[in-house]
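Note that subunit A is present in both complexes that follow, paired respectively with subunit B and with subunit C.
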Partner chain A sequence: MQLPTPTSVHSEEESHKIEKMKRVVRRIKFESELDLNFGERVADKAYGQKLLSCIQCGTCSATCPLAHYMDYTPRKIIAMTREGFKEEVLNSLTIWLCASCYSCYVQCPRQIHITDVMYTLKREAIQMGFHPKRLPIPILAQEFYKRVLKDGRNTESWLLVSLYLRTNPFIMLREAILGLKLFLRGRLTIGREHVKRRDQLHTILEHKKGEAPL
Partner chain B sequence: MHGNGHNGTVRIGFYICHCGHNIASIVDVKAVSEYIKSLSGVVISCEYKYMCSDPGQELIQKDIKEHSLNRIIVASCSPLLHEHTFRTAVEKGGLNPYYFQMVNIREDVSWVHTDMKAATEKAKDLSRAAVQRVFHHKSLETKHVKIHPDVLIVGGGIAGIHAALTLANAGKKVYLIERNPTIGGHMAMFDKTFPTLDCAACILTPKMSQVKNHPNIILWTYSEVAKVDGYVGNYKISIRRKPRYVNEELCVGCMDCIEKCVYKEGKTPDEFNVGLSKRKPIYIPFPQATPQIVVIDRETCIEFKSGRCKKTCVEACDRKAIDFKQKEEIKEIEVGTIILTTGYQTFDASRVPFYGYGKYPNVYTSLEVERLVNASGPTGGELILRDGRHPKTVGIIHCVGSRDKNTNRWCSRTCCMYSLKLAHLLKEHTDAEVYNFYIDIRAAGKSYEEFYDKLLDENVHFIRGRVAEVSDWAVRPSEEGKLIIRAEDTLIGIVRRVPVDMVVLAVGMEPQADSQDVRRMFNISCSTEGFFLERHPKLAPVDTFTDGIFIAGACQGPKDIPDSVAQAGAAAAQALILIDSGEIELEPNTAYVVQNECSGCRTCLTICPFTAISRDEAKQKAFINEALCKGCGTCVAACPSGAIKQNLFEDEMIFSEIDGLLKMESPACC
Partner chain C sequence: MKYLYYPGCSLRSTGRAYEESLLSVLKVLDIPFEELNDWNCCGATSYVSIDETDAFALAARNLALAELQSPDGTINLIAPCSACFLVLLKTERYLESYPDVREKINSTLDKAGLHYHGRVNVRHPLDVFVNDYGLENITKRVKYPLKGLKVASYYGCQMVRPFKTFDHSHYPETMDRLVKVLGAEPVDWPLKTRCCGGSLTGTIQEAGLRLNRLLLKEAEKRGADIMLTCCPLCQHNLECYQERINRKFDEKINIPVAFFTQLMGVALGLSEKELGMQRLFKMPSLKQITHPKGEMANAW
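Coming up: the complex of A and B.
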């Protein structure tokens, strides 16, 4: 009797996928690959040393409405931050998926300001250029920041254009009609909005340069 | 100055202790020693690694003899730890022990400072203050007080019961006071006990009846302590005996009256069954209640509410025990020692709104489940939920209210083990699937880990993750009609939704609601959590800072039955030490009146908390009874003529100490 070969059970594509999953990968972390001060640095920014008192109970993950989509649950992010897994943490999707709903923050039995930790990590990831290239969330943050830095105010139409250009320009075409409607009702402006004395703003910002967070 | 040895000159010996690295790592002991040597009156100044060691003490004794020292100062740890040690050493050296003064440079200096230079300066200041103070020290006699042999025990749970029996068996007379109608406490409510699974009632009720029948124990249930006066060895206690409206001498506990009560069915939530059943206004808490005496609840009895009851209970009682005219009674007793075993209360689960207690009927607290699985419980031991169903799946949520900065920070120690026990009992009663949601399993006790092993073998689910939410919001057909527990399985790293029929909240232990009132009444301290504070967490775990008052059981901190019993035994032994030694040494820190300066104004008479001051009407002067004076200093501060002085704390001593701190030469010392 001839036993069925794997190809007779799975399609070629499926078996390729399974083969890929089954591939043996070496997974180990050497202490020399870690950034051992990372946890303390983040804790200093994110409201004191509370981050370090995490007992890994998982309440944050279980309250999080978006945990199902995250690559690491919020609890894991805290553990990895504490232990100095800087690259993994800053490259994770989790920090970008955090919607700042503050559910975890309310229920955490150690009163860790998890949402603020996520913000700190997001800032660090942007500064290090560690985020996925076309993920809209960090790009929106960057563009917003740039615009406010320049004008002292945000012009929404310009912000949207620069966001779509850097992520997916085709969405701009899809959203064009909505944009037109918003424009007709005065919700979007074409001209750049700005504060009156921009030179003064720039002087202040020049003075504060180098005092960026983390 | 009297008692200053030959020629009336003061000859001071100063010793500074390294305490290993405890002091020497922050304070430059050599510099302090050399500085003190330069002060007037100091004959010897030296440093030593451990002053409290035998060679350290012998050093003091040798120097007293060789150098005719008449004042000794040791700069080391807290007087609480070693003042007695050094006073004894000084006495052995042939000097009155009250010529000794201690300077605390460990708790007050080295342990609280990091700057070595500043710490050394502070140590110098404190030492100089002591040098100036000892010039005014006097020779004093140690006071002794007799210890009354009777003991008061407050709280009739397992700890109180055990302590009472231990003392009574040693032949001491014990008053056991319990505010509920029966003794037994929380333990009487439990079904079985971990890890041996023996039934709580089977091991408790024999002890309860021993208490009832012991000739040396006076048991007053339904009673509370109203007032505490006196001091170690001589406490005067007022006990408020609440009226039961049933004569305790006549009632035999036949319960005919309960049956004949005009209420055919109970209407009031039954306290003993944590509200899971109803009781009548006339009741006995549970079948093995001790004493077996009926009690009438004034709040719900028709006779008390309207005065127009048919009083069928009175008719039913052959022995005419029911007495609606009974009044509250105050009993005055005298005891020498007191043991507080006032126990705990469980955490109110409705304080954690995410778990739905009080919102979903099938969410229970662990104490409710104890009653639910108990054969004498509201359902006769059959596990029927509030909605009438039998559970097929049960979720037990650990750490409810515990280990949480928003509620109680501490671990309640018992919840892991009782949750395991309930998991076993629930599986045994219903064959349900049982899920434990835990943060950490703390099974540190004799045979506890083995019990955990047993539960793993019984295929109980253990999910490591704190539950975020219990809800009835179904997102799958399989979740319809169930309670859904949402938690992260942290060991697997994924969020899980577990639908169950019944949720058990493992509520933690917290101090009794009135623990602060009790603390004030007995003049003891509480820790920040509100549990009674022991004198030393390791070496004096059942003593308090008030002599003659001891604590045992969960009033001192969360504790399981074996630990409570062990502590109760220890507290009884501490009380026995005092009773059998017959007397206790007291500090001679009593106040006295300088008769010439007293104007007889009576100010001190009214404010003395120990009623130690009386007025000699013939001489028109105040007089302090040394035996009653506790040295609180209230009269000293209040006397408008400055006529009252206190031994060990005389004005000259305090002022010269302050001068020393401020680097001012005190006139008296030169």
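Coming up: the complex of A and C.
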């Protein structure tokens, strides 16, 4: 009996795919491509967190309620940060999915304030323009920042509308009924809330505009 | 001792019932309080994700304003929303522990004619009711004990973490003790401080809904008639998305979610309107449960 040769079983397209798979691609970074001081800089900005003392036990990942949605678990983020994988860390979904529940912060056997590290990474990602462009979480943070900078208080209805306009306006249709229900119960205000002394607030918040980013 | 009260933005919109019920309960218990003049947003979790100095300065303006408003002694600032509570507390603690941060923030505040000296003590109303006013005093004021009502107390994350100001980080019991004093029965459940996802229901909804589904299902499984919260965002998530969770995951969850101050008010004999009950999506049916100690004083 004659066995079919590999070329006879695969279509042209499939064999092309196999060829592509066989191509030798380097998947591991060289040390020279890493940002070796990255971990140190992040630790410094997060109040001297001892990232090097992390024993990679994975308690943070186990306790994290959102770990199964993350591209890298919190444990991996700590490891990658201290090794200098800057692009990977700052582009990750993980830092944005962190809902600041502080579970890892209180559980960490090495007392690393992981939530503060995540905040530092978020700020770094925004300042360097790294975050995934259409991910709603950083957009919500930016819109919130702008709203409060302007009025001193947040008005939830306005915040959500500006979020949907920048991400996906069709979501407003999905949320319309819920919005109406809240409105009928007096739980959604149309008028914008603001502080009386906006000038004072602006002096505080704009004073440092000339400073270099963190 | 007079308290200063910091409402926060959510208590003026989605969490309106929380403010109404909290103020009614404070009044009926004769706890003196005053609203913080011209308070601003605490910055929540968003501000610190963009700019840390701005985030601290924003929160510190409230602390400085509190010092202006009460010139002497330690100030007890009540912050009912968990996010506000934590942000203000964290600012207070960080300004105390890191002199360089304090100096930087104070130099920013100075430009606007403000200064923070470190006299503010940020408090959660649950802490004030249980540890300042006292459970014994509350017992004396209970008019309508909530006999037979099974309550799942949900604390959420930021009130007990990362700072343990008055209770345990993973298994707090303050609200359960309060519930017992009101005559109801606290349900023992393990998800008391598991995260509800916060603003995820507005951004990555699938993830947010799943977290809330877990909490609601567990509370129902343990036989709770009602879930109590102490945060406007948790309450909004757990209550307003129930229908959507049922549709998406083919569940039959049906549990009222109220603020702990609302249930307190019911036991203290306050009216539905004073407690903002009409603002809830699902009104807890308490009429059959409350057993008036004295004569029937109101609708309950």
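By our rule, the second predicted complex is superposed on the first by the 184 of 214 C-alpha atoms of A that agree within 3 Å, B and C clash if a C-alpha of one lies under 4 Å from a C-alpha of the other, contacts with A are read in each partner's own complex, and residues count from 1 in each chain.
Keep in mind that, in the parts below, a contact is a pair of C-beta atoms (placed from the backbone, for glycine too) under 8 Å apart; a residue touches a chain by one contact, two chains touch by 3 or more.
As the structure is a prediction and not an experimental result, all values here were calculated from the model.
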item: Touching partner for A:Gln56 - first (subunit B), second (subunit C), both, neither; value: first
item: Partner chain(s) touched by A:Gly191 [first = subunit B, second = subunit C, both, neither]; value: neither
item: Which superposed partner A:Gly129 touches (first subunit B, second subunit C, both, neither); value: neither
item: Touched subunit A residues, subunit B compared with subunit C; value: C
item: For the subunit A and subunit C complex, residues of the former touching the latter; value: 45, 47, 65-66, 69, 97, 99-103, 105-106, 113, 115, 119, 122-123, 126, 136-138, 140-142, 144-145, 148-149, 152-157, 160, 163, 178, 181-182, 185-189, 193, 195-197, 200-201, 203-205, 207-208, 211, 214
item: Contact set on subunit A toward subunit B in their complex; value: 55-59, 61-64, 67-68, 72-73, 75-76, 107, 109-111
item: Subunit A partner contacts - residues on subunit B that touch it in the complex; value: 354, 399, 403-406, 439-440, 464-469, 486-490, 493-495
item: Subunit C - residues contacting subunit A, complex; value: 9-10, 12-17, 38-41, 43-54, 57-58, 61, 98, 108-109, 111-114, 157-158, 161-162, 169-170, 194-195, 197-200, 202-204, 207, 211, 240, 278-281
